[in-house]
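Here subunit A shows up in two complexes: once beside subunit B, once beside subunit C.
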Partner chain A sequence: MSEPATSLAEAREADAERRQGIVDVDVHPVPSSVDEIRERMPMPFRDRYQGERRSFFNNPVHGSRLDAVPPDGGPKGSDPEFMRRQLIDEYGVAYAILVSRTFCNIHPDPDYAAAIATAFNEWLVEVWLTEHNHDGAFKGSITIAQQDPARAVEEIERWAGHEHIVQVTMDSGARMPFGQRYYYPIYEACERHGLPLSVHPGTEGMGINHQPTPGYPTHYIEWHCAMSLAFQAHLISILTEGVFERYPGLRLVLVEGGVAWLAPLLWRLDSYWKALRSEVPWLRKPPSEYVADHVRLGTQPLERPDDDAQLLQLMEMMDAKRVLMFSSDYPHWDFDSPARAFPRLDDDVREAIFSTNARELYQLNQ
Partner chain B sequence: MSEPATSLAEAREADAERRQGIVDVDVHPVPSSVDEIRERMPMPFRDRYQGERRSFFNNPVHGSRLDAVPPDGGPKGSDPEFMRRQLIDEYGVAYAILVSRTFCNIHPDPDYAAAIATAFNEWLVEVWLTEHNHDGAFKGSITIAQQDPARAVEEIERWAGHEHIVQVTMDSGARMPFGQRYYYPIYEACERHGLPLSVHPGTEGMGINHQPTPGYPTHYIEWHCAMSLAFQAHLISILTEGVFERYPGLRLVLVEGGVAWLAPLLWRLDSYWKALRSEVPWLRKPPSEYVADHVRLGTQPLERPDDDAQLLQLMEMMDAKRVLMFSSDYPHWDFDSPARAFPRLDDDVREAIFSTNARELYQLNQ
Partner chain C sequence: MTRHLVGPVSELPPGSRKIVEVAGRSIGVFNVAGSFYALRNSCPHQGAPLCLGSIGGTAATSRPGEYTWGREGEILRCPWHGWEFDITTGRSVFNPHRMKVRSYDVTVSHELPDDVEIEMYPVEVEDGLVLLEI
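Now for the complex of A and B:
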């Protein structure tokens, strides 16, 4: 799985630490330069690619932690060894699940989008999962461009057997809700390879994708806050369309969309299902039960009220011990510290959220 | 205010009952026929109007309570005396706040839309607020078409002085979020006349309006569940754009969008405000505090979990005693009964939600 340790004793020690450490399910490696991606793209896309994002909405303060600049320079999040020091060593992280931010799903051209995804995947595997992964702490996500599901399946097939690839990822910015049949080849491939599908926000309203609001939002704070609404819309769609009846082995991971909305949304959806189930006869149980069996949520950005007791109550309502997995979003501006994001949790709840749930889902060292 | 009672004793008795009774802030009167509206429209709109809704999404079972058919026939909700028996007498409702479902805001033609709104307003005032309002139990909402804010202001001016008009109403289906400056003439007029603005869902994705999801939803259950997402998007927009700083006298009423999402959303928004307030310097306090001062929510459809204690906890989190007002949505299919919608509440909370909050907001017999 990783390069051999220098002695059996060292290997056992490393293994014991990994069993106890945190799993962080949303960590962002960043290319040292656009060229790192561009050089892995075929023509004519190599000439075209500028790392473009095309959003009106950028963080007005700073997009990443100011202290995340690597000591030898380069973009924040671009130095694997510095990330190891600042995240993995600092907080006792056993595994960091790496998710590339490619912005590939904003483009009208599906070939260009797929070329971006492929180049990022090659870069991630070569640089982060091989060259700089001596301890096996970095686990990777296959980025797919949803514009061409058949091509996305090919990308999944290409990487699915890699020892450090643990999931597929795509952005939540979309032209249609994720429960629709357009996406089913992707879900089928994820199920077939036992790879969870992680959905990440950030391309809402960019390029070809719909806004998360009814029409254009005005400010970054509005756009960013509304990302969780797009997540809820996709989840409603996936649940009502019966995706988990069709693909019972599919596991869905929602990262960076917040978590506090989960219980209220499921109360609403369950109550509608009771009244309107004749419309969706393929559902054999209340929507909330599919969530418990098939959906996990990354905790960041955790909605933290003034009163810790209220957060703990809400966590009980959403069955947090079962559905949450800790994520930090390192190195981004709204990083959640493993040490401070949560109030004091019961040991079993903390262990589930910070370690066990992710280890089970991703079949990591358990 | 209402026609004189036949004796002073009777008048006092009626007054005492109204002081104690429930206020229901979302009740739907329905025309006996399309002609009731059409005959109040000028040409060429009179020829054009068919009561059209143009939605792909209709309740697959039934849109209104099956038992709401008036004994003498006609559409459900069209007989004021039967509504009095089935809602007002049955549950001890002192005041029913009537909201017409006009669907006027789906049309590209602003003159046609305004003609529909005006005809409904004339019909409501003539039939429900005058002819059939001997006891003053019916209070009305001025419907406006948001396609032409200047024309909407004229409509508000026309009716604002009417003794039984207590608010303005518009649909949440929209082409842009409600915090944007396009809508400000409407807010200015509401503030100037001391009329709360009630926002009602149901035209999302119809005609010119955006869907409540990223792209078209598939089923009614999905579309209907996602309505509450559109409400949240509008509220984020109104709060971040500083509408309540610009119009400090404005009061906003969100009906039929659910309520359980409120606290989680405000936790999220408050935390973003702490980090990003430099982008919205006009906000002088956390967004949640504007909600407490300016926003009220109709309770229906109340999200009811299996565990009553969880609902009570969530109500505490949202400061339900302050922000909620009971609504039944009579005669629609998902009617919430005043007797059964809530678990057992403390007396002061119940009184606030079922009566006091609405009486204060609408300046009703207190």
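Now for the complex of A and C:
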């Protein structure tokens, strides 16, 4: 823990640093043990919970950075102070947007799923957003289980307004595309509280969820690469169903689903809209135009062609300066280094992606 | 070319590694089945501390559905993204001609040469000294 600022000048200096740092929109805090979650669950769920995650499609090499083991032991990503050293101090991160990996949406029992989400939220707020957040660098996400939208709304109501809660998060693994009416209570609650909704992969085809592929892939590499298909399907659904017409204040954040597909997908969708707009007459403008106002994408894992110029062209096509926000995915294996993930960018583009887009979205000090 | 003392051979048994700071660079020195190799401790991909990665074997390129495991102890995997490097050459497994990490020569000497850089290191010469050439 650093010492509290002892003078006005020091406080001003700390504030100036905070205004300049990177915002990382996908960082994963991990419980020190299953008991940390279990002890926050009511019976009968407390006895049932074993820390279930997806049962296959695990990385056959390693799932998290080998150098992310805290010096005092414990799982990677479980020590807030070590995360400060390895991510926040190392790269000049001003705000880390924490997203718990609960895997709650794999379960057929909606009450059990909601109990897992609630316990993770309590843990996140108590341990990471309060006990270890003297500098306010950790900002949190409310995890919801999609299995019961009404219960998910209660969870949002419970935490909205907390000074360090900045968004709602749910997994992209799903039983139906995200544009469908089933989800609207969740969107209404997010809009009402001014909380962006972040979507994160990891439970595709697990438990009750569909695969985004025509059937089960064989290997982790195939499953992992195909996760971006789920994001594309969800985005097409949200845009064509008119979710942003119903909920004009809703902001959607797509993390870890890839970014390079965005421009060509929107070209395709816009071209169909010209012919088929009468099927979805609630769209007042080309689908792509909703993206700039409502959707932001986390950059990790950034696609890197051998030729940097090709990536820079793709970024221009997708209006990267407006829609991208840097994410590292710390401490996971495919961590993107703030220093090395991107080719050299123009200063204004870099500033937008690494800082200002997220500061505007999450209303962090600007 | 300057030679730097890594340490006595007895401190680097087969299968082990040692990370040293030499001339402002972090370098990993490896003992693979009795032979010594040194690699820059920075992955050419995104700058991870490569030499802290796992040491093991790899599946050689094979026909679909077949697995040929081998080279046990010769392959270093980056601790972040898992890229594989051949410890004996510094070359990556997936593209040995274009993707590689800087490697350095390592020798074993049974006497302490005059020109070697020593920084207050207790030296025992009996079983040989591992020297890194940079």
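Quick note on the criterion: the second predicted complex is superposed on the first by the 359 of 366 C-alpha atoms of A that agree within 3 Å, B and C clash if a C-alpha of one lies under 4 Å from a C-alpha of the other, contacts with A are read in each partner's own complex, and residues count from 1 in each chain.
Definition applied: a residue touches a chain if its C-beta (ideal position, glycine included) is under 8 Å from a C-beta of that chain, and two chains touch if they have at least 3 such contacts.
These figures come from a predicted structure and were not determined experimentally.
In the superposed pair of complexes, A:G136 makes contact with neither subunit B nor subunit C. Residue by residue along subunit A, subunit B and subunit C are tallied for touches, and B comes out ahead.
Judged by the touch definition given at the top, the superposed model places A:P214 against subunit B, while subunit C stays out of reach.
In the superposition on chain A, A:D334 contacts both subunit B and subunit C. By the touch criterion stated above, A:L314 is placed in contact with subunit B alone, subunit C being left untouched.
In the superposed pair of complexes, A:E241 makes contact with subunit B only, with no contact to subunit C. In the superposition on chain A, contact is made by A:D67 with subunit C only, not with subunit B. Contacts of subunit A with subunit B, set against its contacts with subunit C after fitting on chain A, overlap at residues 59, 61, 333-334. Contact residues on subunit A toward subunit C in their complex (touch as defined above): 59, 61-62, 65-67, 333-337, 339-341. By the touch criterion stated above, subunit C contacts subunit A in their complex at residues 45-49, 52-54, 77, 79-82. For subunit B in complex with subunit A, the touching residues are 59-61, 172-177, 179-180, 204, 209-222, 224-226, 228-230, 232-234, 236-237, 240-241, 258, 260-261, 263-265, 267-269, 271-273, 275-276, 278-280, 301, 303-305, 310, 313-314, 316-317, 333-334.
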